[in-house]
Amino acid sequence: MFEIKDLNVHFGGIHAIKGISLRVEAGEIVTLIGANGAGKTTTLRTASGLKAPTTGSVWLEGNDITKVSAQQRVNLGMSHVPEGRRVFAQMSVLENLELGAFLRKDRGNLAADFDTVYSRFPVLADRRKQLAGTLSGGEQQMLAMGRALMARPKLLLLDEPSMGLAPLLVQEIFDIVRNINAAGTTILLVEQNANMALQVADRAYVMETGVIVTSGPAEELSQTEDIKRAYLGG
Amino acid sequence: MEQLAQQLINGLSLGSIYALIALGYTMVYGIIQLINFAHGEIYMVGAYVGYACMTFLGLGFFESLLIAMVACSVLGVVIERVAYKPLRNSTRIAALITAIGVSLLIQYTMMALVGADVRTYPALPDYLSASFNIGGVIISAQSILIIGTSVLLMVALQFIVHRTRLGKAMRAVSMDADAARLMGVNVDTTISFTFMLGSALAGAAGVLVGVYYNSINPLMGVLPGLKAFVAAVFGGIGIIPGALIGGFFIGTAETLVSGYLSSLFKDAVVFAILILVLIFRPAGLLGKNVREKV
Amino acid sequence: SAKPVANAPEGGESADTIKIGLNYELSGDVATYGQASVAGIELAAKEINDAGGVNGKQIELVKYDNKSDTAEATTLATKLMAQDKVVAVIGPATSGGMKAQIQVAEKNQVPIVSGSSTADDLTVTNGKVNEYVFRTCFNDSFQGTSAANYSSEKLGAKTAVIIKDNSNDYSKGLAASFDAQFKANGGTIVGEEAYAKGERNFNSILTKIKGQSFDVIYLPGYYEEAGPAIKQARELGITAPILGADGYDSPKLAEAAGAGLTDVYFTNHYSSADTDPKVVEFIKTFKDANGEEPSAFNALGYDTMKFVADAVSRASELTGPAVKDAMAATKDFAGVTGTFSVDPETHNPVKSIVFIGYKDGKIAVTEKA
Amino acid sequence: MTGKPMVRTLLTQGVPLLALYVVVLAGLNLGLIDDYLMATIATLCINIVLAVSLNLITGFTGQFSLGHAGFMAIGAYATGLITIAMPTVLGFIVGLLVGGLLSALVGFLIGLPTLRLRGDYLAIATLGLAEIIRIVLNNLEFTNGAAGLAGIPQLMDWNWFFILTVGSVILIRNFLRSRHGRDAIAVREDEIAAESIGVDTTRAKVLSFTVGAFFGGLAGGMYASYFYFIKPDTFGFLKSIDILVIVVLGGLGSLSGSVIAAILLAIISTVLQQFTELRMILYALLLVIIMVFRPQGLMGSREISLKVFGSLFKRKPAEPGEAR
Amino acid sequence: MSDILRIEKLTRNFGGLAAVSNVDLRLGEGELVGLIGPNGAGKTTVFNLLTGVYPPSSGTIAFTRDAQELSLGGRKPNVVCRAGVGRTFQNIRLFKDLTVLENVEIALQQNHRYSLAASFFRLPPFARTEAAVREESMELLALMGLAEKAEEQARNLPYGDQRHLEIARALATRPTLLLLDEPAAGMNPAETAELTGLISRLRTEFGLTILLIEHDMSLVMKICERIYVLDHGVVIASGTPAEVRANPRVIEAYLGEEA
């Protein structure tokens, strides 16, 4: 359903992504793991249209969306929870969630979605009126997820959703990822917490300095010695 | 007592002119953190468009006002696209200098086109030139018009920015443009709209002031532009009611200082008050001095 | 704009032109005055050239914009004299600009002339005349004193309020001499208020003086500010006569002040209602060329150009010192702003002053004094 | 330890500077540089000192100031008044020093309370300060009010311009490449982080504001003495903007950028003089175009690296305007 | 063992929210203590109160150095730092446009003063001090494995190196007490393991007392001697890792079943 073909991305002189290709089938959870600076975030930013690739193409449901702007991709059903949460600091929790539903035409169903988000993240319900910028790190992470869900995406791009979260919440976040997926959303998940990521994912890609070095079923990869040593702390 | 009342009326009328310009200023600032120095010049262009409409086309006040607002919004959008958009990702001071360049450009071009000399607005219909004498205190219809307009526009702007979908998009863009994109907000359109709105306000202010003082010139935007900037900062820059309060404050302070202290040192005293107030309220009157969360 | 000067001998004489420098405020704060002066100068230069030039040579104007900045005025004066080798420099319009080039003129021995710089100490500094500095307008004390006398004698005023442009030495100079003379005439100044250039809102100071009792207001300054000030004064119900100076002389004054222009008097060089054929002719040609009636700046610019041309035509040779001497020796020069001679002691023009009075927006009084 | 590098510094930086000095001096004596060119050089030197000192405040310390002309005014009037009373070289030196110190004092006194303001709020406070200074000068008797101070003895000549300009740039550069300057840069980069590692941010800000004010005042003194006529209007808001334009055009946080931008603007201004009426339109247009194509300024913030400073101790000595 | 830090009844409110309330906490000299708790529990706020970013609403913070006791509450951050408390930030706050070396130098030079005149005129104390600062900075960088990258711009460093640099910069202030706020965040398990070793090493090498906020339990349980657990601004448990791990309240509020 989603595919990246022969992607190359540069930052000025830096060649950050060197000709990678990857695909995500409908209903799958695919994870992208790799060390710091491997280019995971850049891949996601290119996928959602925040960064233009030098060459290569991005496909969604059979259509070439390389030239489509970021805001239109939202309309096509893509939602991106960016690295570092990027919540609207000077807006309340409620307003942040409302913005998540910015392009939704079915305004009537919004109330139900608010309830869903609040039941997944009860903290957010308590902090409805608080400015997002003053939330704790974990609270902001939940808000960023909740905000993305408000768009009812078909494809959700998650960039390190477990970063900075308490252990209990890490488990919860991965549970939520599973739930969202079970409810029909396809997920591309970037993670440092490779252990957990490989547990929830169907398939995985491993990235190193701008290239994909291995890929395969998540189960299988988590047993590989190299992977264990490099990413799983084993 | 009567004199004080008159001075307060004077101060409010003067202040509402600052407020009128400051509103557009502060709104644009609130969204893209740009001190749009050209705002004062757009206001000046608005005054000239209104003048041309009334003098050469013989149009009435409201038609001229409308045309000036439209012309200024177009000008504002063009400036934004050509001069400010390329600088979106650079430092704020760089954008400020570009804005100064644009401001000079408009000023000098205007000076070349219409000359440096003042122009005078034609005589107004009676309902606009009337004045009322209430117990010795004189209020002109124009003062009422200007004070009323500025309050009304403040309310309207506040509503647009905080209650409408577009306003929400504007604020989202102001905080994090990339994140706003990920919500489906069209950042370019939103910013253009902001400029359109701000410039239309400036255009309206230009015509109103043209009518009020009935004399305009290419440099007329400089001083009020500066005062409006001061007013906006004083009220808490980016905060819409702050612009109104700041404008009223500066206008009233100026009037009272020259009425009761010394017209020689009017601006100096007003600036001194301003600095003092800022020392105690470092983010302006309405601004919250929130320390960044670390 | 300056043509290259092939083998130009000292003194700005090339094959067939006489170079005159213009150092004016064409942009910046006081561009209005600079631009207006230049309009008059260029009209005059065109007339002279069309009539065959000066002693058979065409006048070539080398014009620069000093941005209303005094340092720029100094630099450009230097450029005009050192590089363009002009025989005389006209401008700047303001006294500050002129003061900034006095030393350059004295050093390079090129005369400088202004049509509108009125500061007393411009031509005479510390009791000594500045040899190369000339002007074709009144100085401040002359107009201020005249206005004070007019108030005391013609208007019978015993008390006066002064409202001056505090950012402007012209206005402050006039105010000071009015003050001195009015007091000498036995009057009292009951209040002194100030505004700054570009001000359009006079309500606060007018409201303040409204509470005082006085016979006249002296409001020296330019029409840009005086217009709105007069209008607002009348709107607030202040009916006392208002007096001003030649800075009022512009059709814009009546436009801006509207019906409020009643019982307003100012000192001037000439009256646009004058029937002198020279004046009538000037007003007509200026209007044809520029589409509006001339202001004092236009007229003074025009006269200054003619004054310079007159001196050049009489100069023994085309050098700065010779032109300077000719200027100092000017007798009964007949300009549109009056016939005048240059006082060799002060380099001020000796000319008569005119009082112009308005009733209901129209000129109602013209008195020579 | 300093012996050898100092010799090298002298060779690599001193020699070209000395050559520049001698060339201009010869030009002046041979009449190749006429009065007009000298006036241009004078403006250039004054602008360099102004821009470099403002860059210290705004570019390096990150404190947005819109009031540099105020400091210039204090220096100009102090120097003007003192040299009128004492028209000798001694009077001139005293005038410059008093001007600089007075300006530094005002900078210090106003900086102490206002530097807790951030960004645009500080800009407004500094703008207000400059306006207050201008209005006070406009109304004081002994400054001759709006009419201005004329007849200031012209004691500035090429020798003085050279010494004062080069001296100012070197002193400011030395300051920036010392622990004081690094503290200032840390404040600009991240005030909270700077505090957390022990930097007294208030002190750092007030210090660079004061030093900047001193050199701003010095530049004012140079101006007064060369152009011999000053009036309050000269030091208005637009003058502050002019200086800021040079700083940003050169690159915030780049001293060499300020110098280059000052030179570039002097050239542009001179070339544009021939277009009389269009002059300012073209200038404004150029300004916009340059900013649109080089928003980071001509030099960016290059050369701010303390690496250049560090390399003084290495084999290869640093150039004055060396880019990294 | 004497206490280096004694916090008593520390409270901080934001509007109606008590981010930290009545917290008591002590650190003995040389201890390595963990501070854990759910997101929003108030851990970072405790650091901010300690280092003077916010003044406390009430309560006392007593810090001891060289047998001198000093009250830290409400002091300015630079004063706290100079007293001997160094910290890192949850969201990295380096001087991104400066080089790695400069980042460390700025911290280090706070202990090496020379006069204003010396900097203007490059008098002998200037060269002497600068050389010393530079030398020490390089030593520190070498220790942190960053010597090769001394001249690189901080913003260009990989994430892990940025974390290391932040620690190096904190060490350059010569603290006796070091506060680390989630140093392992954003690191993969392999990188975390390496960090664990580094922290232990630094502790002995510099004789540090360390207070550590961290969500990565493998790290916390491995190296902390004692742990405080915060929830809703209140200390809900404290003790050895084993005690804390077994505490049902901690499991319920923070760890979950698996840990």
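In order of appearance the chains are A, B, C, D and E, and numbering begins at 1 in each one.
As a convention for this text, a residue touches a chain if its C-beta (ideal position, glycine included) is under 8 Å from a C-beta of that chain, and two chains touch if they have at least 3 such contacts.
What you see is a predicted model, and the numbers here were worked out from it, not measured in a lab.
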Self-check item: Remotest chain, chain A as reference, centres from CA atoms
Solution: C
Quiz prompt | Between B-D and A-E, the pair joined by more C-beta contacts | solution = B-D
Quiz prompt | Centroid distance [mean C-alpha coordinates] between chain D and chain C, Å | solution = 37
Self-check item: Euclidean distance of C-alpha centroids - chain A vs chain D, Å
Solution: 50
Quiz item: Per the centroid of Cα atoms for each chain, what is the distance between chain C and chain E, given in Å?
Solution: 73
Practice problem: Indicate the whole-number Å distance between the mean C-alpha point of chain B and the mean C-alpha point of chain E. | Solution: 48
Quiz item: For chain D, what residues touch not just one other chain but two or more?
Solution: 139, 192, 277, 280
Practice problem: Note the residues in chain A that touch 2 or more other chains, in rising order. | Solution: 134
Quiz item: Counting only residues that touch at least 2 other chains, which ones in chain B make the list?
Solution: 108, 264, 267, 294
Quiz item: In their shared complex, at which residues does chain B touch chain D?
Solution: 35, 82-83, 86-87, 90-98, 100-102, 104-105, 107-109, 112, 226, 229-230, 233-234, 237, 264-265, 267-268, 271-272, 274-275, 278-279, 282-284, 292, 294
Practice problem: Name, in rising order, each residue of chain E that touches chain A in their complex. | Solution: 14, 36-41, 44, 90-91, 158-160, 182, 185-193, 215, 217-218, 253-256, 258-259
Exercise. Mind listing the chain E positions that touch chain D in their complex?
Key: 51-53, 76-78, 81-82, 86-87, 89, 93-99, 101-102, 105-107, 109-110, 112-114, 116, 118-122, 124, 126-131, 133-134, 151, 169-170, 172-173
Quiz prompt | Partner chain C, residues of chain D touching it in the complex | solution = 34-36, 39-40, 43, 138-139, 145-148, 150-151, 154, 223, 227-234, 273-274, 276-277, 279-280
Practice problem: Show which residues of chain B lie in contact with chain C when the two form their complex. | Solution: 3, 6-7, 10-11, 13-14, 108, 111, 115-118, 120, 123, 131, 138, 140, 213-215, 217, 219-220, 222-223, 254-256, 258-260, 263-264, 267
